[in-house]
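Below are two complexes that have chain A in common, paired first with chain B and then with chain C.
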Partner chain A sequence: MARSLYEAIIDGVLGGGVYALMAVGLTLIFGVLDIINIAQGILVVLAAYLSYVLSVHLHIDLFLGLLVTVPAMFLVGVTIQVLFMRPLRGRERVSMSLLASYAVAIILEGVLYAVFGPGTVQLNAWYVTKGVQVLGGPQPYYLPYIYLFGFGLAVLLVGVIYVVLYRTQFGRSVRATMQDQTAARLIGIDVGRVAAVTFGIGVAVTAVGGMVFGSLNAFNANSGYDLISRLLAIIILGGLGSIGGALAAAVFMITVESVVDIWSPSWSVVVFYAALILVLTVKPTGLFGKREARAQ
Partner chain B sequence: MRPHGTRFLTLTTVAASAAMVLASCGGGSSSSSSGGGGSKAPIMIGVSLSQTGDFSADGQAFTRGYNLWANYVNSHGGLLDGRKVKLIILNDNSDPTTVQANYTKLIASDHVNLVFGPFSTLLTVPSAKVAARYGYAFPEGAGGGPAVFQLGLRNVFAVSPPIADQLVPFAEWVAALPASERPKTAAYPMVNDPFADPMTQTAQGILQKAGVKTVYAHIFPAENPDYKAGADQVAATGAQLVIVGSVDVPTVTAFITAFEQQHYNPKIFAATAGPDQGAAFLKAVGPGNATGIFVPNGWYPGLANSLSQQFVQAYNAKYGGTPADVNADSAEAYSVGQTVAQAVAGTKSIDNKVLIAWLHSHPTTTVQGPARYSGIGMNVVAAKFIFQWQHGAKFAQVLPAGAPGSVPIVNPKPAWGQG
Partner chain C sequence: MSRLLRWGRPALIVAVLAFGAVFPLVYTNALTTTYAIDTLIFVGGVVAWNMFSGYSGYISLGHAVFFGAGAYTVGLLALHHKVLGSTAFWLLPLGGIAGAVIAVPFGLIALRARRHTFVVITIAVFFIFQLMAFNLAFTYGNGGVSTPFASWDPATYNNPYYYAALVIAVGAIALSWLIRGSRFGLQLLAIRDDEDRARGLGVRAMRVKLAAFVLSAFVTGVVGGLWVLFIGQALPETAFNPAYDLSVALMGFLGGFGTLWGPVLGALILEPLQQEITQRYTSGYAGEIVLGGLFLLVILFLPRGLLPTGQEWVTKLGAWRDRRGRPRRDSGTAAPGPAVAGAGAGAAAGAAERPGAGGAR
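Moving on, here comes the complex of A and B:
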């Protein structure tokens, strides 16, 4: 039993890193723009397909391919913000953004179906199936390199975004926009540009999440739906808008789920959401709620 | 002006989004093969299929099978003295609620003459109830789970083999292996699905009686995007045999990826669905990982049945590829059409009450072989086959061993990547 518990905790921590890669962008976009980007799940899938095209058709290594997919996803994000989000104004802007991002998800899903068809694909590389042995015994336990690299990237990305937000001029503009868009505009900040760039960054980081997700799962255009509910739960638990909170919540949630999996996989999903409700009951703003995040 | 503009934009966004949601949920398309314009009204046949969602790959294969049948019928004079058939296909997004709404619309609003079944037991259960409420016959090709027959409906006709028994030839083969070759332990991870679980549990019962100890048997939620932790638990048991109760390629792939990561190679590996998806499965797992994997099904392109051979030829002529590319789902759909065509020819009617009575008292023949229906619509004479991926990315029929075209089993399964 102890052995299973160790394995589940390791699986949860590293798997949490993978989810954090997908959730960080979502929470960043909410933090700055007050937009819950329902399209984040399908954007993860789009990023996975981009990695797939580079890997299969151009034989570019998945990690090297990020040099192409990250900027490409940034442009996708900026385009979505300019075309679909920027025109939304007024008191109903937040609820309208939900619908608009859902519309984006449906459009992207349709395009991906048309281009790639309904069949599933998976990304392959040596580090997906190879790993380092950490537990011995008759059936040794291995830590797959892809999880290690994914977790490392998640920590790195959170760090980079933190530095950008809190140690750069652009970050100050972003935080000013987070606190009060009107005041930010009055002191000369180009709020429209900040919004577009932030949305672009939020989508660009999904390039990394999509690559790791696509390495671990066969996916098709429909795969985004199973993801989005979990990603939303993670960023709510972490505190909407909190980058570090997303990482902490992802690790916490996936670890809880993995541990419950030992006894009953059918309860693991229930516990996943029960943990969310429990934490929110005690601390309604999540682990690192919006107010706290913006006060950092 | 600004408020006006914003309001307009808001309304536009809402309307556009709502339209797209509706389109994705219940968007329809109709297809027919005209083959010449007769003056008689076409026979309208309503179908709900999963063009999107979890069953989208299967749904599209079903669409091909139904369309191929409609083309064949229309190019051979139609049904009932020259009436063409016209398919009205709605998308159910693999969702049980939407599929129910679709059949209600097809019957009560579109007034189709006949309906054909959707893909999967999960979607057949709610659909069959709708059809029964309106007195429609419900021939279907992919709803063979016990949950369908437990409804006790007399309008259901499952043309494919009942799925609860589909792994029986496999389990009996394992049970009959010499003691030195027979696995000592087995693991049964299953997704929560009325197709996957009965089949897996029936096999588990046979294997337990044969002395194969169950070391893992858990049911996962159907909408689970992450099987890594569960698969690692299975690997930790070191079970010598694994049956994954799956409904799609991603589930099986997730287990294979995790097993490979853990250097865990069960001697025997089977899945209830996924490996039957041909090129889609190979593309996801790679030929080196596919070899040795078993999957049950009721049909294969090499089936020694003249109807089946004609179907395969027609399929390749219309959609291209080789016989190996023909998906069993398409054959199941085609069988539904054939069943109805025989009933219409036998009764010279498209009255659903008449068709139901005829199908309960007459055998039919389809590309899948003979069919005869019990009072609850189970095909009691259907053949059951077990397939295995073998070296060279070959999908071979291996059980029953005496069936035409059957080849020897690869046992044990090669290590991952070595197949």
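Moving on, here comes the complex of A and C:
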């Protein structure tokens, strides 16, 4: 057996924390804008490539590089919202926004493919290669520091998002918009600004997610599909729009996948989706989801 | 003008059919007929998608599951039983049945959810099937399935495929037309407009949605079967292709989501374009960028699709001419097809809000 159960669980929980951060961004965007941002996966890859360029060509440390990539991804998010999501109106707005973000995703994929080619790259730094010994005994297990750092940063950022949402004036506007857009507009909230900034925040977290993802996996422009399908499964399982649900579902799903991976690497991903479908047959709104309102 | 409207549509259909029938005899170039076959395959695929997604409003991004299931079923049967030549076309209904059989549990799970959740479940199911095609033993993993080559004359090698694709495309359109005119179709459109109200009025929503889903899956499976016979090889990433889902949705939205002819128009415009781009720039990403860019343009500037927007312009033009006081010869007689034609701008605005209910057919 290549890995022990303990290792799989530790990997799963820590990796799940990073997925949780990316999923929180996605579910936040959904909650406020009623949009599922299919481009989230490829945006993670874009962020990973940004980190790659910064670290390889400019020799900036990955974590230091976040000072550049987080604002950059925030701007990317705001741009996407203003250019492609805001103009959508009318009856089919929901499906249109989904398809528009899908279109953004394949354009980005094409551009990344054209710029970086089909070969895979991986981010590198001392904390990616070095690790801390977790288990002693005959099979010592080294946990790369990046797992710990990435997990710590993810927890920190989810905490920041939580504080912003529940302790600030802006957060109150966001939650008001989530509950009832028309009423929020009536009490003087600039709903358009809230939407743009929320989309920006939801995308900005991909900067961190992309950096950690790119350190743990070799990636190329194609990796976006893998990411987005997992993220979608996570936020649906957690219940759309529920931040706590996204956190729980991310850690649960990635741990399950990591544990199944011990026995069969090729089937672990299938188990991941099968778990989703199993939950949905019992509870169509996901684990923590509220009953869906009347269509439109 | 009214006579033109009454006879124009059937005459146009007959003319297009006749053109379709003689097309490979006139344009014998193999590349041209290959484009034509691909286009007809997509006409069938997008019409099949539209008869579920367009009419019910449930956008499926998982129809590649049925396409791939049909392709693998037909491909594996042809491979194991050494079915050659035109006999292989008799396998196509089995491809359709494979799609339909998968659609039953798929639909029972997915159709309980609405809107976003439905779309995401279709994507998740799609990925499960692609992974299964990669991992299962009988699908031969990465290598995929290759069908035996038919020993036809190279000069007219494409023709049998062309006519099979034409028959399937016409059959799909006919089925879509039948559905749209039927009680069943009206129930679907009612679900699209307001599912809860439709249920309140006695529409058995789940049953109706599932029936449409299965029918749509059957046609998609047949289309996938023909595709594998023509291409000669099904790989997990080409038979279960996310780009298929996206292309079909794009064609549907470009032509006119939920209309009868819009999706056909969308496929006829987009598929040759895509083929040409792929042919010209051998790398795949140029096609991706163009596809995505076009998609955004359509969504932003033609959100209701070419056909409904065109009809709206015609109506507006008519209203403008009415205001100018110019007598219109056909103002009295009601045009049978688009109910909004001849009515004022108000009706056009009403149709704009409820595209599924009124005019565009």
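The rule is simple: the second predicted complex is superposed on the first by the 280 of 296 C-alpha atoms of A that agree within 3 Å, B and C clash if a C-alpha of one lies under 4 Å from a C-alpha of the other, contacts with A are read in each partner's own complex, and residues count from 1 in each chain.
In this text, contacts are C-beta pairs under 8 Å (C-beta built on N, C-alpha and C of every residue); 3 or more make two chains touch, one makes a residue touch a chain.
Given the structure is predicted, the values throughout are model-derived calculations rather than measurements.
J.: Have a look at chain B and chain C on chain A after the superposition and call it: clash or fit.
T.: After superposition on chain A, chain B vs chain C: clash.
J.: In the superposed arrangement, does A:Leu88 touch chain B (first), chain C (second), both or neither?
T.: both
J.: Return first, second, both or neither, reflecting whether A:Tyr113 touches chain B, chain C, both chains, or no partner chain.
T.: A:Tyr113 sits against chain B and chain C alike.
J.: Answer with first, second, both or neither: which of chain B and chain C does A:Val269 touch in the superposed model?
T.: both
J.: For A:Thr281, select first, second, both or neither according to whether it touches chain B, chain C, the two together, or no partner.
T.: Only chain C is touched by A:Thr281; chain B is not.
J.: A:Gln122 contacts which: chain B (first), chain C (second), both, neither?
T.: first
J.: For A:Leu99, select first, second, both or neither according to whether it touches chain B, chain C, the two together, or no partner.
T.: The answer is both, since A:Leu99 touches chain B and chain C.
J.: Per the contact definition in the header, classify A:Leu232: touching chain B only (first), chain C only (second), both, or neither.
T.: Only chain C; A:Leu232 stays clear of chain B.
J.: Which segment, 37-45, 73-81, 91-99 or 307-315, is the chain B region that clashes with chain C in the superposed model?
T.: Stretch flagged for C-alpha clashes with chain C: 91-99.
J.: Would you mind listing the overlap between the chain B footprint and the chain C footprint on chain A?
T.: 87-90, 92, 96, 99-100, 102-103, 106-107, 109-110, 113, 221, 225, 266, 269
J.: Considering only the defined contacts, which chain C positions touch chain A in the complex?
T.: Of all residues in chain C, those touching chain A are 57, 59, 61, 109, 112-117, 119-121, 123-125, 127-128, 131-132, 134-135, 194-196, 242-243, 246, 249-250, 253, 257, 283-289, 291-293, 295-296, 299-300, 303-304, 352-355.
J.: Where on chain A does chain B make contact in their complex?
T.: On the chain A side, the touching residues are 3-4, 7-8, 11-12, 15, 87-90, 92, 96, 99-100, 102-103, 106-107, 109-110, 113, 117-122, 124, 128-131, 138-142, 144, 216-223, 225-227, 230, 254, 257-258, 261-262, 264-266, 268-269.
J.: Flag every residue of chain A that touches chain C in the complex, lowest number first.
T.: 30, 36, 84, 87-92, 94-96, 98-100, 102-107, 109-111, 113-114, 221, 225, 229, 232-233, 236, 240, 266-267, 269-270, 273-274, 276-277, 280-281, 284-286, 292, 294-295
J.: Help me check something: in the complex, which residues belonging to chain B touch chain A?
T.: Residue list for chain B touching chain A: 2-3, 6, 9-10, 13-14, 16-17, 20-21, 23-24, 51-54, 56-57, 59-60, 94, 189, 192, 218-221, 223-226, 228-230, 232-233, 235-238, 248-250, 253-254, 257, 260-264, 277, 279-280, 283-286, 416-417.
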